[in-house]
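In the two complexes below, subunit A is the common chain; its partner is subunit B in one and subunit C in the other.
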Partner chain A sequence: MLVYTLQRIGLSFLICVTSICLLFSAIHLIPGDPASIMLGSRATPELRERLNHELGLDQPVPMQLVNFLGRVAQGDLGTDLWSQRPVSTMVAESLPYTLTLIAAGLGWSALVGIPLGCYSAIRRNTWADRLTGILSVGTISIPSFVVAIYALLFFSIELDWFPVIGAGDEGNLGDQLWHLVLPSFAVGLGWVGYLARIVRASMLEVMGENHVRTARAFGLPEGKIILHYALRIAILPTITLLALAIGGMLSSAVFAESIFARPGIGKLIVDAANLRDYPLVQGAALTTVVLFAFAMPIADLLVAWLDPRVRATF
Partner chain B sequence: MSVQPSEALVTAPLSAPGTFSRAFRRLRGDPLGMLGLILVLLMVFCAIAGPSIAPFDPFKIRVTERFTPPSLPHVFGTDNIGRDVFSRVLVGSRIALTVGGLSIAISLVIGLVLGLCAGYGPRWLDNFLLLVFDSVYSFPTVILGLTVMTLLGPSMTNLILVVVVVQTPAYARLIRTATLSIKGSEYILAIRSLGASPARVLFVHILPNIIGPLFIIASMDIPAVITLEAGLTYLGMGIPPPAPSWGRILLDGFDNIRDAPWIVVAGGIPLIVTTLGFTFFGESLRDLMDPRLRRNL
Partner chain C sequence: MTRFNFNRRSVLGGAGALAAAATLGIKPEQVLGAEGGVLKVRMVGDIQVLDPGYMIGGAETTTLFACMPRLAEPVFENGTWNWKPSEYVDKVGQDDETHISFTLKPGLMWSGDIGELTAEDVKYSLERMLKSDWSARFPTLDHVDIKDKYSGVIVLKAPFAGTWLMGIASESGSILPKAAMVKLKDEKFTTELPGSLGPYMLASWTPKQKLVLKADPNWKGTKPDFDEIQILDIEDGKAAELAFEAKEIALASIPTETAARYSKTPPANSKLVKLPSPLFTWLGCNTQNPKFADIKVRKAIQRAVDLESVLVGAYGGIASAAHGVVPDGILGHRDKSKYAYNPDEAKDLLKQAGVSDLAVDIKVLSGETAQVTAGQIIQANLNDVGMKATVSTVDSGPYWNLGLESKGDAWKTLELWLMRFRCSPDPADAMQWFKKDQVGVWNWERWTDAEFEKLWEDGLKETDPAKRAPIYQRMQEIMEDTGAYTWITFDPWDYASSTDINPGFDPGGEIRAELIKKA
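Right, the complex of A and B next:
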């Protein structure tokens, strides 16, 4: 078990290092001089030279990579080109907003998706099951930013039920939650479908197993069989799916945050990308990779911890 | 033992006479699949014929007609500079399908080569490529897109490049797994002992056996790619104006969402219709060809 844990964490670590190398080499792979691309029409020879020096681009490439890796390991993601503030500070400021959004999205999609999948499996091949199936595919395939825009148009502008922009007043929890409703709806909607589908499939599998048949033969009430003996096993694959959802939601959060003008890492990246501020984009992107790369082994370990059958294979 | 029909479909070469007509007959029994097919065909028709059937010039600015609500002759109304939104939506389908089709085709080719190399090549190459694939894969899609676009600048070519970067690892991984599972089989051993070169083994003996399912999976990725294109364009980092990408229509509409809500509604509808169409059709096609293809999300 310990070896497995170390292996998984080591792999995530390796993925992070490779991602850093990829981000770093991207700047050298593109044709042309990175400094003039970043500066755009503002580029003068002096500015270009200063930027080259600030980004360390006047040093030999392998040297730059080593320096860069060293700095990242110390938590230094560089300096934002425009505000001259450390990228790590800016990321740290916006990260809590994004994490809250993702947690809310994960929470509501799990609360709706899992019971829906379970219900669908119990009522297999009824019209309710078919409707759930169609709705699942529907919610999975509709782009999250279209959901966000439509939600904003309908609930905030037409009906005026929810606030249009921002994350709510500092210190006012109710207001902040109110501001969270629509963005987390948009971010989570697709995953309701995914979760319902996977829970349905794994419920159907578990309901056909011997121990469920035995429980039935003993005359246990159906509700207890479903909740206690079937769902407890069937719910395990959702843990891995929820970890995957973190990656998907980081993407959706980019849209939700720019549409609802919420602070957060997604909005940070979009604003920086439009200014072509590569150091900031790079630092923020790297943070999301680290989040996602470590979410996967945590989910796997959680499954191994919860499921004796998986644990036994180590 | 009799062969199940679905297995026969997979083991039979895709070009076998009757495969498609049989597939179509079975598709007719699946109303959602049929609906998907109709929507996909509608989308393809718009992409091909859009510019010629569009009632107005999608680029023509008519300031006097700005913000005309939906009515005849402007079915979806006009935007902030008086362009006919319906015409823009129609012409936009060509952009969506071009980006979707081209980028998936390119990623398939690159993914195929890399996947074959990883699956058939030496162990170190396999490990190295896997690490790179997994690293690219651990970037959230949109964030990876924004990162590449920051360096390259918004343009259609760069957008296609972004999609290739995003999609290639997925195909390469699938091809790698398929190659690994076939690599040890006896007929490969036989052809190798006859002295066939690695290139011959890969392209003549392995490739034809693993490529069929990949096409189905790739066609199911088209909605995701169209969404990515529209999404990045919506964020201002995709196809530059004035091209009527659906993402651009949404962006123009979002800036005027209080004055002219019909623009965002019109920009979102084709995206929903297309993604639903491709997904319903793809799901039905996949179940039809081989239930075992169900990808584990």
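Right, the complex of A and C next:
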């Protein structure tokens, strides 16, 4: 198990380093430079050269990459080109909002999707199962930004139930939770469908296993069979899916943060990319890469720990 | 008591019943956009750099006007922008063409322990602008002489009528506390003011969320109407529109399409505030591209564009037609062009030039809905006169490099493009980009004219507005005669405002928080 763990962690580091290199290259391949964007029509050639020199952008790209990797190894993500604030500070300010949004989205989607999948499996081939299937596919197919816009229009504008913009007042947990409802609904809705379908398929497979049949033969209550004998095994693929959902929700968070004018790392990256703010894009994107790269092995390790069949192979 | 057994069994049991993320519905008290002493307004883009020498604009301008002193301030009267002495001075005025004297009010104290506002601060603040990114705002400033603790003289190398509106009375003329500035690294700051002295102080800033200005209790001048102004960062125009309609904000800049809708059916308890636009848009033509070497071809393009269709189709019918680059309300504004929409004349000119089926490409900035639509309408207009026009949308990064010689050879094949610049309330600010030294930089049309260059110098020196206006009008006429400019519009710069307030703005269209009054 220890070897497996170390292997997974090592692989995650390799993924992170490769992603950094690819990202660094991609950012510098984007046309336009921060000096032109920073200075706009004030960008005389002399001002542009001076700014590029101050920002270290006149060095060869490989040298910039080496410098960046060296700084990252020391925990320094660089300095924002515009405000001169440490990128790590800016990321640290934005990341909690995105993590909160993802956690809330994952939480409610799991809370609804898993029971829905179970119910669908238990009521296989009934109208309830078919309806659940249609709704699941429906929620999967609607883009999260469409959900966000229509949720905003209906619940905020029409019904005036929820606020339109912002993340709530700092220090006011109730207000912040209130501002979280619609955005988390938007990012989580599609995953309700995914989780429901996965759990349904998994449950159907497990419900046909010998041990479940045996439990039924012994006359155990159906509820206990479903919860203790079926769901415990069927839930395992869902853990991996939830880790994948983190990556998916990071993408959806970009839209939610823009539409609801919430702070977050997705919005930070989009704004930085528009301004060609290379250090901020790199630092923020690296953070999301690390988040995702380590979410997957954590999920794998959790599955391995929970499933004795996997543990037995080590 | 049994020990809690954190094992596989208990974790699986918990995993099957995830905690409900029930929001307990502690519905916050409905906060109006303007309630009591708190006002909420929109900013487009967060503050990046508040230092007037290196700022970007937007909420930074709003903050500087609200929190920092200056010698003069802009005022809109009789249909044009002018300036008046600020509340920080006993006296300020032009002694002669190259000398401006000022006397500060005594006893105005900076925040914290910085001390009193003195002439030394004025000297420091203005002279540092000469080495800043915004030095173009003070093109003829030489130095500032100090006469005594509160008085001094601003000395110009040459007369420049734009010194007031472009410089002293603008956000670039913000005075900084020298005693605090010299302690800063490189004597620059970004998001933290080194000190403040004004109707408001910067109370807090939550990055990517909001900026809070609170009324300064120590301010001795005119007290602002609102105790607190929250400037919310709402990038998306649609989100801002919805927030305004939900009364979460009381004042917001709105996209053109929203303004067009509000002009017909405004939301309840709201009004549309139409500002003199600081923006100007035109269709540019590269005179050094072989396709457009013949002036007849360029003039044909001018006459082929149906401006009325463009204004209705792309700007919702609420934008005004432009006849130059100096917007309405600014000295030198031009009321009419020498050409008009005339497709027959355009066809005739093309025939005279011996051109048929000319393929032309129009570059437009992607993400700018009005520009993209305008480009498509112009494409149709050009096709109607026998050209084969295409529209290419370009992302902002490469777009702003299209005509720059330092960025490659794209300028050689550049044909037509829609361009929009912004102008401060002095015509020199609009004209500076079309001079000879801007060829290969911002003069993408790549033309020069000796009379234009001379008029540029004359316009800087002339201080009599009655004589200055014709100079800039003639300059625009010269530009038009090259055929390289097809005037489009001064883009609408509109705000949606609650009827509970009377907002105030600066010449650049940014909110002036300290001028907002309760209705």
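The definition used in the following text is that the second predicted complex is superposed on the first by the 284 of 314 C-alpha atoms of A that agree within 3 Å, B and C clash if a C-alpha of one lies under 4 Å from a C-alpha of the other, contacts with A are read in each partner's own complex, and residues count from 1 in each chain.
Heads up, the rule we're going with is that contacts are C-beta pairs under 8 Å (C-beta built on N, C-alpha and C of every residue); 3 or more make two chains touch, one makes a residue touch a chain.
Fair warning: this is a prediction, and the values are worked out from it, not measured in the lab.
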{"item": "Clash-or-fit label for the pair subunit B, subunit C on subunit A", "value": "clash"}
{"item": "Which of subunit B and subunit C A:77 touches, first, second, both or neither", "value": "neither"}
{"item": "Touching partner for A:91 - first (subunit B), second (subunit C), both, neither", "value": "neither"}
{"item": "Contacts of A:305 with subunit B and subunit C, given as first, second, both or neither", "value": "second"}
{"item": "Partner chain(s) touched by A:163 [first = subunit B, second = subunit C, both, neither]", "value": "second"}
{"item": "First, second, both or neither for A:182, with subunit B first and subunit C second", "value": "neither"}
{"item": "First, second, both or neither for A:255, with subunit B first and subunit C second", "value": "first"}
{"item": "Contacts of A:231 with subunit B and subunit C, given as first, second, both or neither", "value": "second"}
{"item": "Which superposed partner A:114 touches (first subunit B, second subunit C, both, neither)", "value": "second"}
{"item": "Which of subunit B and subunit C A:263 touches, first, second, both or neither", "value": "second"}
{"item": "Identified clashing stretch of subunit C versus subunit B [24-32, 150-158, 204-212 or 312-320]", "value": "312-320"}
{"item": "Set intersection of subunit A contacts, subunit C complex versus subunit B complex", "value": "30, 37, 149, 152-153, 157, 258-259, 274, 276"}
{"item": "Of subunit B, residues touching subunit A in the complex", "value": "32, 131-132, 134-136, 138-144, 146-153, 223, 227, 230-231, 234-237, 250, 254, 257-258, 261, 264-265, 268, 271-272, 275-276, 278-280, 283, 297"}
{"item": "Touching residues on subunit C, where the partner in the complex is subunit A", "value": "8, 11-12, 15-16, 18-21, 23-28, 45-49, 56, 133-134, 136, 190-191, 206-210, 232-236, 238-240, 242-243, 245-246, 248-249, 395-401, 404, 406-407, 421-422, 433, 441-442"}
{"item": "In the complex with subunit C, residue positions of subunit A that touch it", "value": "30-33, 36-42, 44-45, 47-48, 82-85, 90, 93-94, 104, 107-108, 110-111, 114, 149, 152-153, 156-157, 160, 163-170, 172, 174-175, 177-178, 180-181, 184, 227, 231-232, 235, 239, 258-261, 263-264, 267-268, 271, 274, 276, 305-306, 308"}
{"item": "Touch list for subunit A against partner subunit B, complex", "value": "11, 14-15, 18-19, 22-23, 26-27, 30, 34, 37, 134, 137-138, 140-143, 145-146, 149-150, 152-153, 157-158, 194, 198, 241, 244, 247-248, 250-252, 254-255, 258-259, 266, 269-270, 272-274, 276-278, 281-282, 284-285, 288-289, 292-293, 296"}
